[in-house]
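Look at the two complexes coming up: chain A is in both, with chain B in one and chain C in the other.
Up next, the complex of A and B:
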């Protein structure tokens, strides 16, 4: 048997890894400052980012076990369309339709969980269901959005509670709940054990399968809930809603420092990751006006919105590599 | 030849030498250091100190490949195979694929060699069958046969006969004789005394990582050898302590006889005969030792008991009540605890804290309401670990930082916290220092005194004898004998565990073993390759379409189908190599568009009036290749999962794309470029021509080239590939680079067909390409897939799309149908894998 050895990385690396998200936040704030963006303008983007953040909370729990859920964006679309269709065509009261939407999200998540428990890699399962649920949302909608939802329902997505948008309140609640579950319950303890060493967790009588089923179910429920808030905010059920949200949510989790391979990370990190990514994205959205003149160069270098994807992609990889290194390598 | 290497804790200052034309037997109990020694010779491990000499020259082995290059061939006892590849290819990969013209695999020779080797065997083995479908015995036989056929200077055989029938062993002995006459040095590791005395010129006995005896075979005898293996001090000890031990054990025996039976097993059996009809009773406070060779059924029995494997028949009773155990959680609820054999893999979560590891199995006891209480967990683990005498700096430090003995105490503590009624310990003191060892032994006694029933699995005979009330010896999945320590000679126990010394020539044994194997052999059916099924599916769909849709067979529709399918097929072929090599690239959709954009922009440059089209194509392909290589390099250097890398790079490539095009549509390309795709050469559409050439090239690459076959090897088993000297890094560079190149080609083809492109081109294509590959039979887990299958998969997807259009199904249902197909493919993959196993 080949010996597994852990090479403990130097302390400064662990330090710098913890520091990385804060530096990026500083960068984002500096950019916003340079562009003279008003806090009020930044706040306008917050509801949308809070929705993504809520997805990221559930995703963190899954990624702690070394799994992944790529289908959350598609589940959002499916749940949103369920809500719209039940209200318009089946004449359900909007509240009942909303509950049904959340449950449909849960069902979709449960299907993911069942397939994962059968022994398929979560990546493959959710890649497939991502296409399937998105296709289902498009098919049941016939490609059209359903607008004209009751005004008092739409208030749910646009209102403020004590000056805070409802989505941000939802994110806050999700972070709190996630933090308690992940860091202060038996369930949470099991997540880390599975992510660290799945075999050893099984040998320690951890109910790995039941746990995974619950995780993907929860992820689906959260996606359904987010869909309700999103639908309320936009005032319409949109069949292509949620596209690309899964990637944003994954980026939040990875930027925060949770390892893709599982076993290390947490909700607090993801909270930071959400704030960092949101502000970076917002800053880059305003970046069209930003010109930076590099020393020794005549023409200013202009940061455009198109650079956004490049910067985010490279940041994602750089941070992921840095975190992996900081946690030591197994040779 | 002489070699010496002291060092690693598992091996202390051992010198060992083999002369040319000599069989040198290496014997010792499990864990005596034989495997370590073999791994050093094979280049799997490096010695901490000491040196190796080959023919008088000092050598340094950095990897198994170095060893092989020097003519050292090793057959490991439980070596991994490339499960998805054919037997013939497995044989060829372990010795290096025969080349034809330097680049291509000489497939004829692969088959010829394989058939030649197999022809010597009595058992008919179909070398075209995937290795995963061989029985354990057949796998081993094939490996041994491959090794002895090779041109070697030194052959190391680790338990070569453990899975062979008598006749096969006879064949092997003849081969060894042949090698010896040819001047090859042979290291022979075996537990079988008869074989050793028949084959070996010299014998070296290892015990606890030290050489305890070495000399010519003639100077020793079977009984003496067992004594050497087990340890002389044991018999000495026993003589002195026998009186007291006997008295004590008879006291305990009397006490135990009065105690109620805690654990009863009735006729327990497992699949494949690993455990056969085992019945035993353990009373409260009794320690029953299970002794035997590795694979004799002890660990296998423990796995049944702990719900890790399913039993096929028999029952388990705890305190007289039958229990059903289907999971580890069930086992724990029934009061069974299991200290696993492989601490690193099965015992500890190495990055988690000492506390988290200690309380892992009993977390429900420390909750306050619904919440976990770290304070209670700390108190409980501290108490337990103090009682066990575990040494650690801090309860919150990662357990990986502790020594082996202390890690073991933590895992033991984890189970003692669950207050088990039955405690199964599997090699509890393996790799543990002497002091911890003694402490663990004391703990076992305490545990038994508290009324727990203990099963002690150990290959360390003195340990078993000193700590058990009774010893059961396992052999071939059955209980082969029962002994009471103090009332028997250690050598008796040891020899009961060894295979019967019957000469292999006795036909009765032969047919008995063969008979047993015949019963165990699973029923095999020939599954038609998935390609046949796919081809039928594609054909059927085409016929249905022709019958139901009037406009299917129109020239217009067929042309549209052909051009569309050509792009899709090439893109699916782009996705396949990476997946086959065990990775995944979800940036191919972005690379597809990026290559098209770069190609298109270069063609519109005025600077190159004449060579614009070739320059554009070259630029597009170069950019694609570069992107693929960057993906692979980042995944390898950053040790990141390819999905994270390609997810990030997908954004980067898309960003670059919009930077380059400025969001503008690229159009008005040179006519020559357009005609490449839409023109006709000898009546054949340009796109179709490109497709055919690409398929041929991909087939040449994946099926016939050495680098292509190495992708399969790496995807099938990275560890086996490493042993065979195939680097995953190189394979991934080739796979990602080649895949991206094909994606770029598909992008350029699409651009030529359409004559224009927008920057959103290819969004979501990666998913459909991966789906087509999976539908075509590429295993997402790696190692399996064929070009023809992928082509058929892409064709099926294209036909389905065409059908949806022709049947005038709302285009909003298209994604659903495609999504459903992908899901079906994934499920199919699962069913297929279950079947293969």
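Up next, the complex of A and C:
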């Protein structure tokens, strides 16, 4: 790890870093209000974001140790295709296929974990497995979608429990579990210790390797579980599912204020990050007819799918830099 | 105190941002007809930015101008099925009156379409159908009956080679429901009308033009007496045509199939592909908007109806049929631009 220099940054920087997500949420809500979008319509986009959010919870634990998991989107695709193929070609009952999908996710995560424990940087490992798992999902399915899954299975991804979509319930459960594990167990304290200084943690008898293996395994299991809900919601196993989800999940974590370099952050922050990013993205979608003509330009600037991505990317970089500076930590 | 001043400053910044975006927004919203009297129709292609669907949109905008309705044309920039669902959800939230989708997947689109109809939106499919039961879509605007497309494909080649000789079919993917249905119709027509035409085999090109060309080259080499090739997707046809032309066997081996006029123009003019089959994409978009507007304003019982410049269009319980496919040849191909 590079040398870490800690200085106390000006108070206003700390304040602004804490305030930034709230401001963005306000901006998103104001945009939705300006576009006259009804709350019920906004809620329709929640299930998809709750899936991403659930990934972000597991990712938070990894990022607290200074690691990263870029393969979660690809694991989703692999697990989803496992579910579809076992059901259609091997004629497994759908429930058994779903369990197998979660386990395949866990296996993929365990492979990530094993490679990280071997001493490879998590960025390199999961970048490689991101391509590998996505390719595997395409290979086993021949690139074909598997649709026509049983209707009662699809209900799992479309039902509401007391008016709350199942995915949002899943996210709630994940946040609760994540909060307890990260902030109220010894395991959780170890995460911060590793993120602060991995070498020191090792010398302090923190079981770093076992912990890291568990973290990536958990991340894979969660991705498998999310894949089941996602597949149920769309009603089809899609080989390209989950593409780009890892970036959205990372953005949620970073937006909340968890440091990319580890050692600082938490589940509550990620919860805020999820809410902010979700509503910002939903609001930007509705602003598709918003055209801004910049002075000195003839053609109006309009929000499209691509510009939305650019905005989210710039946001991620800006917030990451700002948070790092606000903590006075520079890697 | 410090806390207070920080928040105030941030609040000021927020208001500034809102003022800027707000102004930009309203200034331009005014040039869109937003009053509730204007019908708002959402037309979604499988993906945007490709010539075929752009041509559909040209026809759709023509119909929109005639009818005084607003047609929003939007779709995924890449073939990503979930994007279509998101756009349907958004259009429902924006209170569109009609949503017409060319689904990338008949099942995946079903749930959002069903929810849209529950909200009172008129739901149509066009170019490709969704699962009619699970999507509850009202009508499918069908570009051409499967049967007639298959028959036209066989007739175009059968006439060109005098009703006898060895042929092959190059298809896109083994599991495409459209392509398989066309081939079933082709087999039936071959058996009835052209018993002397031998169909050697059906080759799968994975929707890849290069692979289609390779398959055609192999077939040409293996069968010096080959008379005809059908390329029944817009990728397989130009691939096969290129292989035949490169082998110097244009005219001796007749190539035909389904393709886009702009892509096939050179092969039609040099005789490699004397004629090929498709439908009029502009008319398809035009008809879809007309049907949507008619349904939103009232009933559309089964029977024959006129829709603007398209006369006597057949409407059944679940489909609107544009008509028989168009056969493109040297004489008419320059009238089409897609």
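Some observations on this one:
In this text, the second predicted complex is superposed on the first by the 307 of 331 C-alpha atoms of A that agree within 3 Å, B and C clash if a C-alpha of one lies under 4 Å from a C-alpha of the other, contacts with A are read in each partner's own complex, and residues count from 1 in each chain.
The rule we apply is simple: contacts are C-beta pairs under 8 Å (C-beta built on N, C-alpha and C of every residue); 3 or more make two chains touch, one makes a residue touch a chain.
All values reported here derive from a predicted model rather than from experimental measurement.
When the shared chain is aligned, chain C comes close enough to touch A:37, but chain B does not.
Touch counts on chain A: comparing chain C and chain B, the chain ahead is B.
Legend: residue contacts after superposition of the two complexes on their common chain; A:45 is shown touching chain C, with no touch to chain B. Look at A:196: by the touch rule set out above, it reaches chain B but stays clear of chain C. By the touch criterion stated above, A:250 is placed in contact with chain B alone, chain C being left untouched. In the superposed pair of complexes, A:90 makes contact with neither chain B nor chain C. Of the two partner chains placed around the shared chain by superposition, neither chain B nor chain C is touched by A:161. When both complexes are overlaid on chain A, the residue A:147 reaches chain C alone and has no touch with chain B. Across the two superposed structures, the residue set of chain A contacted by chain B and also by chain C is 304, 306. Taken in their complex, chain C has these residues touching chain A: 2-3, 6-7, 10, 13-14, 17-18, 20-22, 24-25, 27-29, 32, 74, 76-77, 80-83, 85-86, 89-90, 92-94, 105-108, 110-111, 115, 134, 173, 175. The touching residues of chain B, counted against chain A in their complex, run 35, 39, 44-45, 306, 308, 327-329, 331-332, 338, 340, 342, 344-352, 356, 360-361, 363-364, 367, 370-372, 400, 414, 584, 634, 637-641, 643-645, 647-652, 654-656, 658-659, 662-663, 767, 770-771, 780-781, 810-820, 822-823, 825-827, 829-830, 833. Those residues of chain A that touch chain C in the shared complex are 11-12, 15-16, 19, 23, 26-27, 30-31, 34, 37-38, 41-42, 44-45, 48, 144-145, 147-149, 151, 154, 158, 233-236, 238, 240-241, 243, 285-293, 300, 304-306.
Note for the complex: chain A touches chain B at residues 1-4, 6, 68, 115, 118-121, 123-125, 127-136, 138-139, 141-143, 180, 184-186, 188-190, 192-193, 196-197, 199-207, 239, 247, 250, 254, 260-261, 263-264, 304, 306-317, 320-321, 324-325, 327, 329.
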